[in-house]
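In the two complexes that follow, chain A is the common piece, with chain B as its partner first and chain C second.
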Partner chain A sequence: MNKKKERRFFIFVCTAPALILLSLFILVPTVEVFRMSLYKWGGFSNNQVFVGLENFRKLWNDLNFFRSLQNSILLIVVVTLFTMVLSVLFATLLSREKLKGNNFFRIIFYIPNILSIVVIAGIFSAVYDPSTGLLNNLLAVFKLESLQKMWLGDQKIAIYSIGGALVWQAVGYYMVMYMSSMASIPESFYEASSLEGAGRITQFFSITLPLIWNNIRTTLTFFIISTINLSFLLVQAMTGGGPDGSTEVFLSYMYKQAYTNSSYGYGMAIGVVIFLFSFALSAIISQVTKREVLEY
Partner chain B sequence: MKKFKDMSADTVYRLFIYVALITLAISIVIPVAWVFLASIKQNAEFYGSPWVMPKGFYFQNFIDAFEKANMGSYMLNSIMVTALALLILLVVAVPASYVLARYTFRGSKLMNTLFKAGLFINVNYIVVPIFLMLLKGDTFLRGQFGDGFLLDNLFILAVIYAATALPFTIYLMSSYFQTLPSTFEEAAFIDGAGYFKTMIKVMIPMARPSIIAVILFNFLSFWNEYIIALTLIPGPNKTLPVGLMNLMAAQKSAANYGQMYAGMVLVMLPTLILYILVQKKLTQGMSLGGLKD
Partner chain C sequence: MKKKLLMAGSIVLLSLGLMACSNDNAKVDSKNVKTSSEQQTLHVAALESAYGKDMWTKVVDAYEAANPKVKVELTVDKNLEEVISPNMKAGNYPDVVLLGTGRKLALPETMIKDNALEDITSVLDKKVYGEDAKVKDKLIPGFTDTLVTNPYNNGKTYLAPMFYSPTGLFYNAGLLKEKGWEVPTTWDEMWALGDKAKAEGIALFTYPTTGYFDAFFYSLLFEVGGPDFYNKAMRFEDGIWETPEATKVFEIVGKLAKYTEKTTVANGNDKDFTKNQQLILDNKALFMPNGTWVVGEMKDAPRADGFEWGMTALPAIEKGGDRYAFTFFEQMWVPSAAKNKDGAKDFLTYVYSDEAAAIFAEAGAIQPIEGISSKLTGDNKLFYSIYDNGAKAGMGGFAATDAVEGVSMADTLFGTVNSIVSGDKTVKDWQKAVEKVSDQLRPALK
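For the complex of A and B:
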């Protein structure tokens, strides 16, 4: 009997602090996001008026929101495509080929992942600067002045420049992840296939890719979620959504409405839509890419 | 003859691989290294080509960043918040992970589900509600005691950092605890050790690898974080990344380039040093825990 009490006390002491912190700072605010999206609440007055789905109806007619939607989808597609191709390619090279300095390259490629997004924003502001930037001056060295651009000033280009910084940031991270899943493919598969005369490219498409497919599928979800999040952090620190809203993304628009403009209700409605969007997109992608899991 | 031809094709292929690898390596190293070089340049040097080496070692930038731009006190704030948040996180998360991994009790299933659900909620969505909650709390406190202390408070910031890191940390550590054999606990119980003693003396030391991974990952994310700090600390007690953001914004009008790059070095140097020391653990830890962000 005493033992039972002791056990209960032990469990309570160990889990209660975690449960309290989780509820107070994650679960309650999440519920608040959904609740507040149904209210009209502006400014610092405590005046909340229940308006039902009015915020969502307003959102439907908000051109700025659709612009941020367009930018976010563009970034998700472009960043995922480039990052995935590059990181799978480099992971294959580093894990399949016996190279000098293998470890060195892995260490270098992972560096962007440990930097603060604010630092990355600073680095790329220096890279993209129109007159004293690294990129434009590099192009000048190679006599390619025609390719010089206002990387962050041109409304058509700015969003791709943001995408470039995001790819730079992510390649090493996903590469390390694919490498750890490639490491578990038995070497004998490659030996057997090369005895039958399969080249490197055939090996990649008929051994490596099918066997890491499940890992790739998982990372697709990460790509969607992390692009939505990181693009916000980067845009916020680098362009603030400008020039003229051309780099506004989902969450930066939400933050602008909810925090800077103090239209809390409307901002939270945007948050709800993004949340549901990212879930739906992840679910669709994971259904579409479903293949039979290969056992080995 | 055939053999010779094969070999040359192979050489070309290897050459191509090295070119690809070196290109990516350069495109990562050069911008980072450039910031380090820029941090010791004098302001006048920024008006020419950015590819010119610094003329000398202009350390004044760092002194200016520390004193004029307040980066010194921001750095102290960052060190304090990061250390405190890590401490809170470990004290709260380690016992919870252990219990969730090892004990079934009434509500344990629900608790596991709640923590798993927490994995799907990114802090960017909830930072404004957290801000409003603290604001409301402050208004209430001001009404009661004449003063509010929830916003602009580094301790509260550390608590919130720890809270937002909880779901991932508990996920990582409880899956590690599950892999440990239960014979050790049984032996400890037979020897008469109580629940607490068994956990602290036997199980937690065995979970060291996962604790180290948790410290590494979260050190990086707490040190680098800026959106929560920006939202919850509107006053002068900023953390280092937020201070750097201010420097970057100020630089647009005042053109204090050297100071800004010195500030960037201050933010990234600790993480780079840590990374060089423990890079193997970090990239291995990733396969251990799966994922972050």
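For the complex of A and C:
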């Protein structure tokens, strides 16, 4: 009995620091966001006025918020789709095919991931520059002048230009993740299937994809979270939400309201919506993609 | 068991230590205040703008030499809001801050909305530190009668005017001379010049970002309807944005959008705006709205042969009409929660002394004090003489309101210019949207 007590005490002592830090730096601020969303407050003074759900009512009628929500969802869908397809493709090529300079490509693909987002914004501002940029000049070399665009100036395509930069920086990271789970698939599966006449594409869809499915599911949650976060940083550094709000994503809109429009409480209300949205989306995706885990 | 208890104790102590850090800071601060009777500490925070950082170090050194009782702690940063805001939220306010309104993070605006600024009307009646003249006698008249310095429009001053700069249209005087073109004095002449320039592959107009349209718009409002109309617009009077005068303003900007250089929108953000300014240096565009700081900002940039900065007031609506060059100025203010407000007010008088003004002027920052324009040299002499050459000065900005969630006059009135240039919105829709925002802000007026 005494031993059991001692054991419990030991476990408590070991976990206490982590629990204290967790509640202090994660739980308390999260609860605080929810509490502040019910107040009207500029952010500095002691003048906090309780307004109930008024902030959420205003949010419901705020067209600019819905535009930023639209942009965020668009980015989550487009970036996830392109990044996943490209990184699975590259991972398969690099782990299944005997290519020259395998390791070299692995490093090259991974490099964007270690760059800070501000550097990436700098690189892509240079790539997208209308007159001296790489993209428009490349199109000119191939005599495709008609395709030249104001990549960050045209409101219809600016958000896709942001998406392009996000895909570029994410591909390497997910590629390495998929490669690691592909490496654990036994070679004998491929040998057996090729004896039975399966080609590379059949092998990919019948062996590789099912066996890394669990990994893909996990990364889907990562895609949602990282697109929400990184799109904010990239938009802040590259376009500031412009031209005329066309690249505003919901985190940048929240920041704008909380810090530049003196509406901190309103900003927190947006924060609550984003919090619930990302939780719900992750849960739904996780449910929808649930498959029986294949063991081997 | 003893050992385990000891370990548990030490862990708990460590965690508590973490939490206690903030308390320690508070203690240190209260000590500072106690000793203030002998040796005062004054925390000055200033924005590092195009004028550079050195002038602040020099002014603070000079102040400490003149007033040995004061020890100044100086914070100068390009992103001043981000440096001082976290401390302010924790209750540690700087005593005096140089940071103007109209910046993206809108810190002074937030302080105004929250009634968190100290009334500094009394400073105007104080003597300038180390001199016999009163502050109000040294200031150029008009500067403390604006909605910027008296945001609540109640005759009390909350923000002190600092470094002023005429704004207007900047251009390459060398290019105009070479081509034999006259600087346009009316908008009709402007459009005619635009067509001539177009034939040579030069755009008439560009702008760094839409944020630069504030002074431009204010000047246009003055030209079109005079000071009375301008003040009504700034106080969101009902229907003011739908009057024929306002319609004229929107039409002029709408027409100007057609003459705007085509890459302007793509580079019109905080990161790439210098590329738009470069268009003037490269003779790819003729005019841009800007302030005198642009000369310092672009001093290392490559430029066309024979380049020479020129600046003009906005063209008049019709021949013989008023021409305005809006006066932009930064502000210095004292947070109500500052610990050493008296020290802050003394320092506020010092920044208008001849000694301080000379140090600022050396870096190109011109204080709004009487007789300063006669002491200027170089490009500045030309720029500040714009008012001697017939241009009228406009000052002020939108009246302060309580925060209205999701509504921003700056975004709607200035930010939309990008959509007008790119053709995504029509001038009519823009005008309607501005009137709607004005309707939403009116009930929130302070």
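Annotations
Here is the rule we go by: the second predicted complex is superposed on the first by the 268 of 296 C-alpha atoms of A that agree within 3 Å, B and C clash if a C-alpha of one lies under 4 Å from a C-alpha of the other, contacts with A are read in each partner's own complex, and residues count from 1 in each chain.
Note that in this section a contact is a pair of C-beta atoms (placed from the backbone, for glycine too) under 8 Å apart; a residue touches a chain by one contact, two chains touch by 3 or more.
Because the structure is predicted, anything quoted here is derived from the model rather than measured.
Of the two partner chains, chain C is the only one that A:260 touches; chain B does not reach it.
By the touch criterion stated above, A:36 is placed in contact with chain B alone, chain C being left untouched. Measured by the number of chain A residues touched, the leading partner among chain B and chain C is B. Using the contact criterion defined above for the overlaid structures, shared-chain residue A:294 touches neither chain B nor chain C, since it reaches no partner. By the document's definition of touching, both partners, chain B and chain C, reach A:237. Of the two partner chains placed by superposition, only chain B is touched by A:22; chain C is not. By the touch criterion stated above, A:192 is placed in contact with neither chain B nor chain C.
By the touch criterion defined above, A:125 lies against chain B and chain C together after alignment on the C-alpha atoms of chain A.
Of the two partner chains placed by the overlay, chain B and chain C both lie in contact with A:13. In the superposition on chain A, A:147 contacts neither chain B nor chain C. Under the contact criterion defined above, the residues of chain A that touch both chain B in one complex and chain C in the other are 6, 10, 13, 17, 21, 24, 44, 121, 125, 129, 237, 259. On the chain B side of its complex with chain A, the touching residues are 13-14, 17-18, 20-21, 24-25, 27-32, 34-35, 38, 46-51, 91-93, 95-96, 98-100, 103, 105, 111, 114-115, 117-118, 121-122, 124-133, 135, 159-160, 162-164, 166-167, 170, 194-196, 199, 220, 223-227, 231, 241-242, 244-245, 248, 260-261, 264, 267-268, 271-272, 274-275, 279, 282-283, 286-287, 291, 293.
Interface of chain A with chain C (complex): residues 6, 9-10, 13, 16-17, 20-21, 24, 40, 42-45, 47, 55, 58-59, 62, 64-65, 121, 125, 128-131, 150-155, 237-240, 242-246, 257, 259-263, 266. Contact residues on chain A toward chain B in their complex (touch as defined above): 6-8, 10-11, 13-15, 17-19, 21-22, 24-30, 32-33, 36, 44, 86, 89-90, 93-94, 97, 99, 105-112, 114-119, 121-127, 129, 132-134, 137-138, 141, 168, 171-172, 176-177, 180, 200, 222, 225-226, 229-230, 232-233, 236-237, 251, 254-255, 258-259, 264, 267-268, 271, 274-275. Of all residues in chain C, those touching chain A in their complex are 1, 4, 7-8, 11-12, 14-15, 18-19, 88-89, 104-106, 109-111, 113-116, 209-210, 262-272, 275, 403-408, 411, 415-419, 422, 424-425.
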